[in-house]
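Letters A, B, C and D mark the chains as written, and numbering starts fresh at 1 in each.
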């Protein structure tokens, strides 16, 4: 069944292999599917399937295109799915032609763990994110994922598809928790209390094992009256970093100072007198204090999400957006700088909770490797779908009301912590 | 252009009046607006506005159309808004030409309280619902709202617009509870716990004053794990009648017998083995018992929404739909008959909770006078809007997750009841 | 750990096989996954993968549970995915204990093509639908899918999982048209005009090959002004049967008689005078004529969807629901009877268009085998998801506005037909 | 009926008046309602209602609070609704205590046309936007609306409520076009083609009268294949300024260079090989050219939305956001600066089309006076509601698919232009 020994390889054929736990056999299927979809052909040379569920499977095949170029198209696709050429070629690099410029044939990353074979050895690409380039430092023998704005003239950027090994995240199996049972995607028709318990368990276990947890939260957390719940999660030590924008902080300050959110009383839910002025008052008070931190130190701000962050030493980054009122002095108004601050905080994160946020959640989704656990809660199914479509295999979408879900989650976390 | 005293009224002019509490001054505005919109004209003869907020206002005006027909068009519209001709004409009636047939110029009802002036006296139209006709019984001196299927040949059906007095529901003011603060419509960005407290207070007060409460519930109540919460509301005496369909009952039975909903474990949220068969098993068990009541009596069905209804003597009507599996023997499969059963149960209802239901909620909405308090909860804003668009002025929409909202509501009701 | 030749099979082990085109290798993955998920184990005995994309693959394995019962749980699941026992046992049957009663251990169907091995031969289950039972007629050697209401005392109902062969629908590959490119699911962010062209091509090709096309349409087709477009599709011969409810027909009649839909002028989009009365007038006119057909014959109804159906001889079924006004004399008010009428019309259907319908679309989805091509258009992503979740592998969801999509589709069909 | 002459006014009472066309009588109602809602009282002194629809009405009343403070609360609310004190007090001003600091009791603006009475004369507040402060320049005798970031130490900021006259936008009546018939709010159940015609007429008429039209567009315009339609509107001269973000421009460039949007072929709707790399290629090409303008000049970019803007001299502003890839060199990455650029472009705008945009549409909504005509199209009803909730009385929401609506609109505009 082996390929004719001695014959010269044709330019429109290539021998590749795939290895992995049987559990990942879905990858095989995807590879077959993609070849067929692209009207390529193949010949299976060897296929060893594990006998038991912990065994490794191995597939070796010749992939065939109509032309060398057609073959290359196919190879690019299946390499990004985890197939590897039998004979590893070195990755090719080309110098960046200018600051903020990729060479034309640059390799575009996925968010899966990726290795590059260069200078005779494999390097793990550091800081992997989707839709970026890979820059190699031959001296330190390191490879790093870089967005276009960070590229400097002369950087050695990986081009073509040779020498690249992408390792798709193994789907979590036999695991417990929300990541197992929700794999069928998001839906509003799941037993809500069971879902909350599962998220609570996952969050508890991640923290117990020393994992870092980031929360991305939208202003609806405050509007829907769930700010206390998030504040409680921070106080109890379940949050390591908060990523958000101007609006969350403004409403959080308004909630503490005036007990309203956009002028609506949080206790009674009734629009208060001159209430639409309240969030401007909140902004003004922070400007008077100088910053959110100063407002806490001067005893102006006495409770809430930001207050708990500052008390607990939990870092937060507030990224500016064009719709901001104010914005507060603490807001990073330059979006490129804000991206950098977000990325710094997301280093080594193990789990991310996205709570009723769209703009900042999408930004974070783009920065995360596919191996990070991701729970996304929103009342709008379209928002959840948009976030999960970005490709995290470990993502779980929950279509629910943050105003009722978060208090129940905070309660559950207290119970687990007790 | 003032109306000549003593001159014969022109055929394209009509003198009308509007009276009401100042609080209803919105009606005046609507009447002015509608006249202008229809390119009519008017002359205000008298306008007394109450000095204080409890006083009555009074408006008298001449409405003018371009032609008699144009005038009639305008009058039809403003009569339905509460304007009344100065000189009350008797309502005209015509015999129904056949069973299930209206005379051509039949009067079509609104869902507002309506009176008919016939035979020299005012009769309240009984069983008012929107989009029906009014049939007069001259012997018993009663007027009744009738759908086309109930009309018999020879019935005296009101035709034209004369002799009709529509009284738009006064908007609840100075009241407390959810009906006050939510008047700005539905939104997912309200403080959820505050909303729940307000609904709880309203429900508690309605029951305390002896009001009748109907619940219209969809199967998502069970899927989202909120069946226990609804069962608790029934057990605690807050529900007087349950209106639903086949699916709710099937899933409720499945939840009791097999602890799943559509095969998904309600405790762990995980799809169970062969689970998609479970709801068929539930159906089969009820067929074996003979009916839901028999299943409770034979100790087959031991908990849940239907169980609590049967134990507590709370009537329920399950209306059939074409998407039903089974359907259960207890389901009223003829939709016309099901409408009648629903209507019987809705007599004198004071408050209706619509919980994650669309089909049956729309049906109930069509049957309710505008004076009934209506709370509609759904995670889909479109569903809530659709229901509230139907014209109930006392309707409140809550965009939330029934799976988290209902347990919190049930808890609050227990607290109030304690 | 290989299976001892000649040894007695253990009660917690079973040898099974899977065969199919390589293209279906996804099935293998699903089978592995499900075994692992259920904490079972397996030993692969033989795995031949096709060399080329048209070859057949073959897998033989021993599946192991902890106990005989655990094994049975696993087998039930993987049989429904397409695995087959090596030694085919005969299907077991049991007599239905009563009219409308399944034996306890009844086999519950999927919507995939299914065969039963009974009396020494394989029978194709006729009229396969999901969530029903299979009744065998040993005399005619036929097997039929039956809902519980159709079961008669003494019917031979298949029980357990032996002797059942389920053939999951092969995913359409290499095909063209919307079913290929939309396999990634529904989204509102697809190039709309390209999607419409693809649907048009599919519809055109299905008709060209003599396939039967059913349309399931909701009243929004009329509200959004797309009735002319649907009427045109019928007139041009692209629709073989129309399945809908009372509201579509009422609004269609209103559109013809009064040029409004729920009182809103279809030409100008403005609410007309006394317009909310219009749909009642439409109902009354049909009652006066006697039926929709009579209304066409008496020249009362002169255009629209129903008119074109009657002129073209396209059968339609209007299923009643509890929210109906009227309902029209032509409506099948008994939902069980309406299900039967729908099923009769769906026999041998090749493609179904679901247009802004939820209730009737879900009903139809439950009745369709997984092999039928299904296009579902709705502006609400939740409705589309709900329909596609039902399990049709050939289903395509399009999130768009029926009011703009349908006229563009009708135009495209005219172009293709020219 | 007059108030006792000569008596000293009580501190908890104030005499106010409201004047306006009868057509604005809704304002009266709102004022009554708000007083009652706040548990205030009132005595009507004079109420002249116009006899004819073009006449002016006049209301004079004493408003009463329980205390001076309670009265002030009520006055603030009704002043913002258009009530005016009988005796106009001068507006009070206070110096801004610091750069970027309001005095504590600052007056917070609405988006309605506003006048300030200061130094013995009325000044129109220039650049009115909601939720800002008013700064008075006593030398130039001008008043200007300022966000907190623009306030300089020593600026004379209006404080309290005295001397402020807010003129709520009169609702457009008797007008034609979409702004009339859609006043009942957004819904997906409107006749779509009629809506499109109405928007087309409005857009045509605004341009014919020399009005300035701004388009705010989201990237879905490109994804859904409607870029050609928007390009056509620009080419035909119907767009005076384009406000958007990085993503629209990137996808627009990708569509021109590679004929895909996020890798999906715009012609066939099929994901292309290595397609997810395409938008990075597009970014890289613009970086290589130096800017979008340079790319057009160098003949790299040859068609599309941005191309037509540059050819036609239509200015565009691309505001950065944290989720941007790249972003392109043309993007204003500082959000505060981007707000300024947007505001400059929105000066004197007469009509705004918001096309499938949320972030940038909300930003623009915050900057618009309530007198600007606003059409907002999105497939997600929640997005439309969010935008319209911001308070523009001239706003029209259309829930539809931009991918089908925009081509139909562009066609209609061509027809009108011919």
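Observations on the model:
To be clear about the criterion, a residue touches a chain if its C-beta (ideal position, glycine included) is under 8 Å from a C-beta of that chain, and two chains touch if they have at least 3 such contacts.
None of these values were measured; they are calculated from a predicted model.
A count of contacting C-beta pairs for C-D and for B-D identifies C-D as the more extensively joined pair. Of all chains, the one whose mean C-alpha position sits at the greatest distance from that of chain B is A. For this pair, chain B with chain C, the centres built from the Cα atoms lie 34 Å apart. For the pair chain C and chain D, the distance between C-alpha centroids works out to 46 Å. Our note on geometry: chain B versus chain D, Cα centroid distance of 37 Å, whole angstroms. Residues of chain B in contact with two or more other chains: 188, 380, 382. Across the interface of their complex, chain A is touched by residues 180-182, 184, 188-196, 198, 220, 223-226, 261, 264-271, 379-380, 399-401, 403-405, 407-408 of chain B.
Residues of chain B touching chain C in their complex: 38, 73-74, 76-77, 97-98, 100-102, 104, 106, 108, 110, 130-133, 147-149, 245, 273-274, 276-277, 279-280, 283-284, 287-288, 319-327, 329, 333-336, 338-339, 342, 358-360, 362-363, 366, 380, 382.
Across the complex, chain A is touched by residues 1, 22-23, 25-26, 28-29, 32-33, 35-37, 39, 41-44, 47, 49-53, 59, 173-174, 187-188, 381-382, 385, 389 of chain C.
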